[in-house]
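The following blocks contain the structures, represented as structure tokens.
What follows is chain A paired twice: with chain B in the first complex and chain C in the second.
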Partner chain A sequence: MGKSTVTTKDDAQALFHSLRSAYSSTPTNLKIIDLYVLFAVFTALIQVGYMAIVGSFPFNSFLSGVLSCVGTAVLAVCLRIQVNKENKEFKDLPPERAFADFVLCNLVLHLVIMNFLG
Partner chain B sequence: MRHNSSQLGYKVQSASIEGRGVKLEIARSTVLKPIGDDSSSHFRLVSSPAIKFEMTRKLGFAFLLLAAASICEAAAIFSPISEAHRSAALELFSPAAGTFSSLEEATEALRTFEVLGIEIESDLKDSTCKSAVDALSSGSPNSKDLYYALRVSSVLQCKISDGALTGVALRLKDFVKDAKSLLDFYYSIGGLVLIKDQTSEVDVLLDDADGIFRSVKDLSQSDGKWRYSSNNPESSTYAAGIALETLSGVITLKSSDIDGNLIDALKRDVVKLFDNIDKYDDGAYYFDDRFVDASGHQGPVSATSSVARGLTTLASTSGSLNIPGDKILGLARFFLGIGVPGTGKDLYYQIDALASLDQSRVLVPLILSLQASVLSISSQDKLKVKVTTVLGSTGPPLSVKLMQVFSSGSKDASIINQELKFDPKEAVHVLDALPVGVDVGEYVFAFEIVLSDPEHKKIYVTGGRTKVPVYVTGVVKVENSKVEVLESDSVETQQKLDLPGKNDVALTANHLQKLRLSFQLTTPLQNPFKPHQALLKLRHESGVEHSFVVNSGKLFETTLDFLGLVENFFYLSGKYDMELTVGDPAMENSFLQPLGHIELDLPDAPEKYGPKPEIAHIFRLQEKRPPQELSYAFLGLVFVPFLAFLVGLLRLGVNMKNFPTSMIPAAFAILFHGGIAAVLGLYGLFWLKLDLFTTLKTLGVLGLFLMFVGHRTLSHLASASAKVKSA
Partner chain C sequence: MAVPVDNLTKPTPPSSTLRFAFGNVIAFFILLLIGVLAFSIRLFSVIKYESVIHEFDPYFNYRVTQFLTKNGIYDFWNWFDDRTWYPLGRVIGGTVYPGLTLTAGTIWEVLQSLNIPLSVETVCVFTAPVFSAFAAWATYLLTKEVKGTGAGLTAAVLLAMVPSYISRSVAGSYDNEAVAIFALIFTFYLYIKTLNTGSLFYATLNSIAYFYMVCSWGGYTFIINLIPMHVLLCIVTGRYSSRLYIAYAPLVVLGTLLAALVPVVGFNAVMTSEHFASFLVFIVIHVVALAYYIKGILSPKMFKVAATLVVSVGLVVCCAVVAILLAVVASSPTKGWSGRSLSLLDPTYASKYIPIIASVSEHQPPTWPSYFMDLNVLAFLVPAGIIACFAPLSDASSFVILYLVMSVYFSGVMVRLMLVLAPAACIMSGIALSEAFDVFTRSIKFYISNLSEFLQTDAGDTLPGNNVSPQNEVLKNEKKEDTLKERPSRKNKKKEKENIEKPSVKSKTEKRPLVLPVEASFFALFLTVLLGGFYVVHSVWAAAEAYSAPSIVLTSHSHDGLHVFDDFREAYAWLSHNTEVDDKVASWWDYGYQTTAMANRTVIVDNNTWNNTHIATVGTAMSSPEKAAWEIFNSLDVKYVLVVFGGLVGYPSDDINKFLWMVRIGGGVFPHIKEPDYLRDGQYRIDSQATPTMLNSLMYKLSYFRFVETDGGKGYDRVRRTEIGKKYFKLTHFEEVFTTHHWMVRIYKLKPQKNRIRGKTKKSKSKTSSTTPRSGTVKKNPWH
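Up next, the complex of A and B:
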């Protein structure tokens, strides 16, 4: 028993270390995108927390805010997939094109968000 | 109900009636005067007749034969011919310009005057005789003119020479030979009969009486009606009457005997005619022709009158006919039930028919009439019954019995069987005392007429049991009358009333109290009485009136609950005059008395039409908002991830190495970023104040710009990175 718990703890630590080392080898632009995604998700979480405290009035504003964060996170994830050089599917897609798509989609998303914000 | 019960004070000439072997002459002057005060509506006959017959014995057995035939009859009063008819005759038949317009009109007028006993001025007599004589001596081709001229001269007894009459008779005989239609026969044969009545010198007998009889009889129909001519299929009852008269004339004028079978067949036709007679509920029988026939007459009066005349003429020439007595009586009732007709022709038909029925050899109808149908208990009126002929003359000796009394509305009756006393001076049968139990109200009395002489049963018809409506009035006592003001069912003020005398009470009440009025009504026989009207009226000083019905029961009372009536009274407080009305046709002392006044105190009326309270609009309450500090705190908190992002970027070593350095690409790059910033700024403006349409318009412009710039920048970057890759 004691051996298994120690093993489990050791396994978790070992897993964590291996993830860290593997992550450091990702290219910088992907890291930037990951950071952006994290930022968007955290903003969404803070907004949900605020709603939990003060109540959901006005609900449209809450949705608008949360969905803007979530939407932009999703678009960033799509960008990351397309820009990642190790992804064989998007080998022929130039990253600038993917970035242009990202910008355009964000602008459309934010137009809708601004309309729904009220 | 048809009755004419009032007779006004005129003088009547003598009337003579010829019955079967009995000649009665009655000369009387009747003067009537009203008896009693205005509230009673009857008159008493004060007369001094000289009647030459006496009542010899009373009969013990009833007239069963006719009683059985008249069970279900409605009560009605039929009065014999009266002064009203005489005055109507004078009015309707007064000739304009001193002479009658035609001989036909002259005939009608003269016959009516003859029956009613009205004298004609000698001027009129002379002028009419002259026109009749002219018509007779002129070579008129019309048998109708000759007929009417002869009728006029027979009534007026104009002097015409036998020679002239002989000439007329010859012409009439020619007309008879050439006659084709019923009316031709009627006029010509009628004229010959009239000549025969006037003088016996002239030869008027017909050669071929049998043949003439047959040709007239051929025009008859199976239902008893007659046609006017053989080629006109129209038939009517009026024509039947004319035909009967014509055939009676033929029988009178016969030179040799007519086949007895023909006469029997004719009598059977008459019986068939009477089988189709119409009937009213009150026992009047009549014939009705529903279309305008050839002579322009229509309606029941002319048809029934023609049949009555024809029937009686036939009976006088050829013996009795088998017609049931109630139908004869019904014909008489029909004519009396008309009252006084409005046109001269109808009056002539009525009077002529009644005169024929009166003298008929079939059966003479006797009419039972009341002198007054309203009796007053308080003046102790006695019920007086007259039994006369249709023309108003006294009938044969008989007795009248009151058999039953029905009270109004109920079918059951009390059996009385009381004989009325005969007063020979006034020729009325008097009921000494009203039957027991006859109180104030409406009754139907059923009388039975019993002829003293059983032989008279073959001559007269009385109709068995006759029902007449009688009204009994009396003074109704008002007792125990009082008016009270009640305070929640306990008496607060009470005032006794003296009804139906004058009263002047003064009461006060407010809207929480009630007013009660109560009294008792008792008839002379100590029965409770329910009047037709019992109303209490309250009238405000401003003139507004309210009426309330007083409820009946053992006690008459009404309770006015002011609480419920406040709105009905329009919230008018003040002095109200009280008035009580109690009325009924049978009540001789119906009254409308003011009782006094009552001061009513009612609450004020609510403002119905004033301004209503103002409604302040309550806007939708603001939702509970979080305190401002908390919101600001979270606003700051939201920026924390952004700062963390920037810090992370710096830690990652973000740089601007890839930013193009040469001029044009740099400008494009700047424009690209500037364009994105502008779009975001536009979104900010859109949220703050712009609407979607302007935003979209601006966005379209900016978007196009951005796309162009972005494309240039990114393609430049792409080519730059491709160069780096290949290098």
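Up next, the complex of A and C:
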């Protein structure tokens, strides 16, 4: 039993190292987008924690706050997919076009959020 | 579409682009004609009757549109209507789907600003045909994404004429489905376009189109459950791609937000079970995306280690989350679903628990012949379309197949949802017909080119061999390009090798892939055109005869010409001219919308049926004897009672035929009304064998008061086909004020209470002036 836990710990460490090394080879612009996604998700978690403490009234504000964070995270992931050079399906999509779509979608999202925020 | 470049059959490239451009121009004109066709086939009722709003629900939408155009959008958004559901009122701003009225209001505003003075009624009557033209164009776009331009045009022309869609979108049927079907097809088109191109721009448009759909119809839950199902299907069958993520994830976030913006939906967008499927699949697609990403950056061995680690940890977390969710959902009595959705999942639910939903005729399951009546030829073209969709299975064609299967199930539950099946059936049939046409015309072209090549070789051409091989190359190119375009999966590489080998073998021996003998193809082409002819004839007949009746005006042909029964409008006009503005009118809920819209009087219950107890109160009053009914109506401040009676002319949808539903709904809330009291041996009768409770009920009395005067003492009811039971009686608490020309609508006024009671004291309950015989048992009346 002990041997298997040791091997699982070893496996976990080896996994962690290989993940780290594979990730460090991604280009910087993608890393920036990943950081932005993490920031958005973190903000959403803070809002959920705040709601758990204070209560969910007014519900529409809570919903719009959380969904705006989740929405920007999702849109950033879509941008990362489209800009990633390793992605074969999007190799003839100019990154400026991808960014323009990203901005447009964010605009619509935030318009709706501001309307729903109350 | 692949354009084969071939030096010998087409000498110069510009002519192939010319042919391409010519094809585009023809497609554009065909689309224009399809729009005109869709618009004009729905105009039969305007020609046969007049430009009038049909049925019951459209009158409410018309009244709301009138209010919107008169008072502007802010008043409309905050409108509290006190002329209906007296004394409760109704919050119109928060309980109506605003899409249809806002659309018609906008069209009216635009036309007014252009100085085209169309009345609001005209705009309302013609909204549905205009939007059906748009729906046909949206079907073209959707099917073009799935299969190509030919299939798109065929599907569009089929949708323009399908009787099921015509039935809910004739000129005058100003109901939610008129714009909702267009929004549905357009949303699906944008979803498929996003799936095919992976562009975030189309994803944004998709969300906006979904918002328009949520505004328009309660059936938007179909979209928000079908798309997650399709995403799940794609993931499970191994067709996950990053385009799927881009198509789905922004739609969920933006779509939920936009749905929550509409007041009718509000927080239901995140709290009811109808939307949970989308959130579940949202989580699933993120997990799958993460898994694919990690698989992409790790080596296979490490990935296996990661997988085992994640599975063991994740399973525990997943079970915990699912347990919490189940506990939350199970704590609510309906498991979080609304009544209508539950009746869709369990067709027997409504008849057991909610009699109102069960009583609406549109909510009954359809009969088998109605499938053929509403879809005609499409009913057996659809399976051929399914096979054609499988021939190269793509994301888009799997979506259309799923859409068809789901809509077939739901149309089997409720006849009203045949409307959702119609676009799916048209798309499938369009694909099937287009594929069939492709095969036939390809055979004929192949035969003709063979013939010309044969003639050329006869005339002593220099290089006969060259003629043969480019031909095969053409076919091989076409086949390869077809397979390349329509099989974007891992199987592609294998099949490519196979295809390259096969035609090179074939070019040496036979040269006949995918063609039929030419005589068979000519005959089949002729038969297919004939099939289309049958469809057109049936659709036009259905539009003209079956689905163009406005229900507010009835006609009948007899030996002395055409009779027009305009009794409803006669009665509403009498009400609006001969009663005070604040008078309350009680009738069964069917006529509520028409009474508020046309007669402009306050009603007690109307077609919205949101308050079951209030409807049960009116039902109880209609089923009780005169005095009890008078008490109930007096407590509601009612002045006039309206009943619809078809016995003189044979109009079968009158109140006596609906009476048992009044008893059932009333009995559901007030237990002293029992349905067996009104039936003799389980049979519903109104003749001399009817039960005394039935003969004493208010509905019987108000319908048959003075009826014997019409045919000299016999009192023969043309709908029930018997003579009535109680022929001569007087009314003690009501007085008749108006009966229309054909006795179809009868209006009574409540008699005011007597000032002095002769003889007996106030405590006694018997009335000396009553001439009706007492019923056998004394029932406990909750109103005393």
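Keep in mind that, in the parts below, the second predicted complex is superposed on the first by the 118 of 118 C-alpha atoms of A that agree within 3 Å, B and C clash if a C-alpha of one lies under 4 Å from a C-alpha of the other, contacts with A are read in each partner's own complex, and residues count from 1 in each chain.
Note that in this section contacts are C-beta pairs under 8 Å (C-beta built on N, C-alpha and C of every residue); 3 or more make two chains touch, one makes a residue touch a chain.
Owing to the predicted nature of the structure, the values given are computational and were not obtained by experimental measurement.
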| item | value |
| --- | --- |
| Fit or clash - chain C, chain B, common chain A | fit |
| Contacts of A:74 with chain B and chain C, given as first, second, both or neither | second |
| Inter-chain angle, chain B to chain C through the CA centre of chain A, in degrees rounded to a multiple of 10 | 30 |
| First (chain B), second (chain C), both or neither touched by A:55 | first |
| Touching partner for A:92 - first (chain B), second (chain C), both, neither | neither |
| Touching partner for A:32 - first (chain B), second (chain C), both, neither | first |
| Which superposed partner A:22 touches (first chain B, second chain C, both, neither) | second |
| Touched chain A residues, chain B compared with chain C | C |
| Contacts of A:43 with chain B and chain C, given as first, second, both or neither | first |
| Which superposed partner A:115 touches (first chain B, second chain C, both, neither) | both |
| Minimum C-alpha separation between chain B and chain C after superposing on chain A, in Å | 11 |
| Interface residues of chain A shared between complexes with chain B and chain C | 115 |
| Contact footprint of chain A on chain B as seen in their complex | 623-626, 630-631, 634, 637-638, 640-642, 644-645, 648-649, 652-654, 676, 679-680, 683-684, 686-687, 692, 695, 699, 703, 710-711, 714-715, 717-718, 721 |
| Residue numbers on chain A that touch chain B, as the complex places them | 28, 31-32, 35-36, 38-40, 42-43, 46-47, 50, 53-55, 57-58, 94-97, 99-100, 103, 107, 110-111, 114-115, 117 |
| Chain A-touching residues of chain C, taken from the complex the two chains share | 198-201, 203-204, 207-208, 241-243, 245-246, 249-250, 253-254, 256-258, 260-261, 267, 270, 289, 294, 296-299, 302, 305-306, 309 |
| Chain A to chain C touching residues, read off their complex | 8, 11-12, 14-15, 18-19, 22-23, 26, 59-60, 63-64, 67, 70-71, 74-75, 77-79, 81-82, 86-87, 89-90, 93, 98, 101-102, 104-105, 108-109, 112-113, 115-116 |
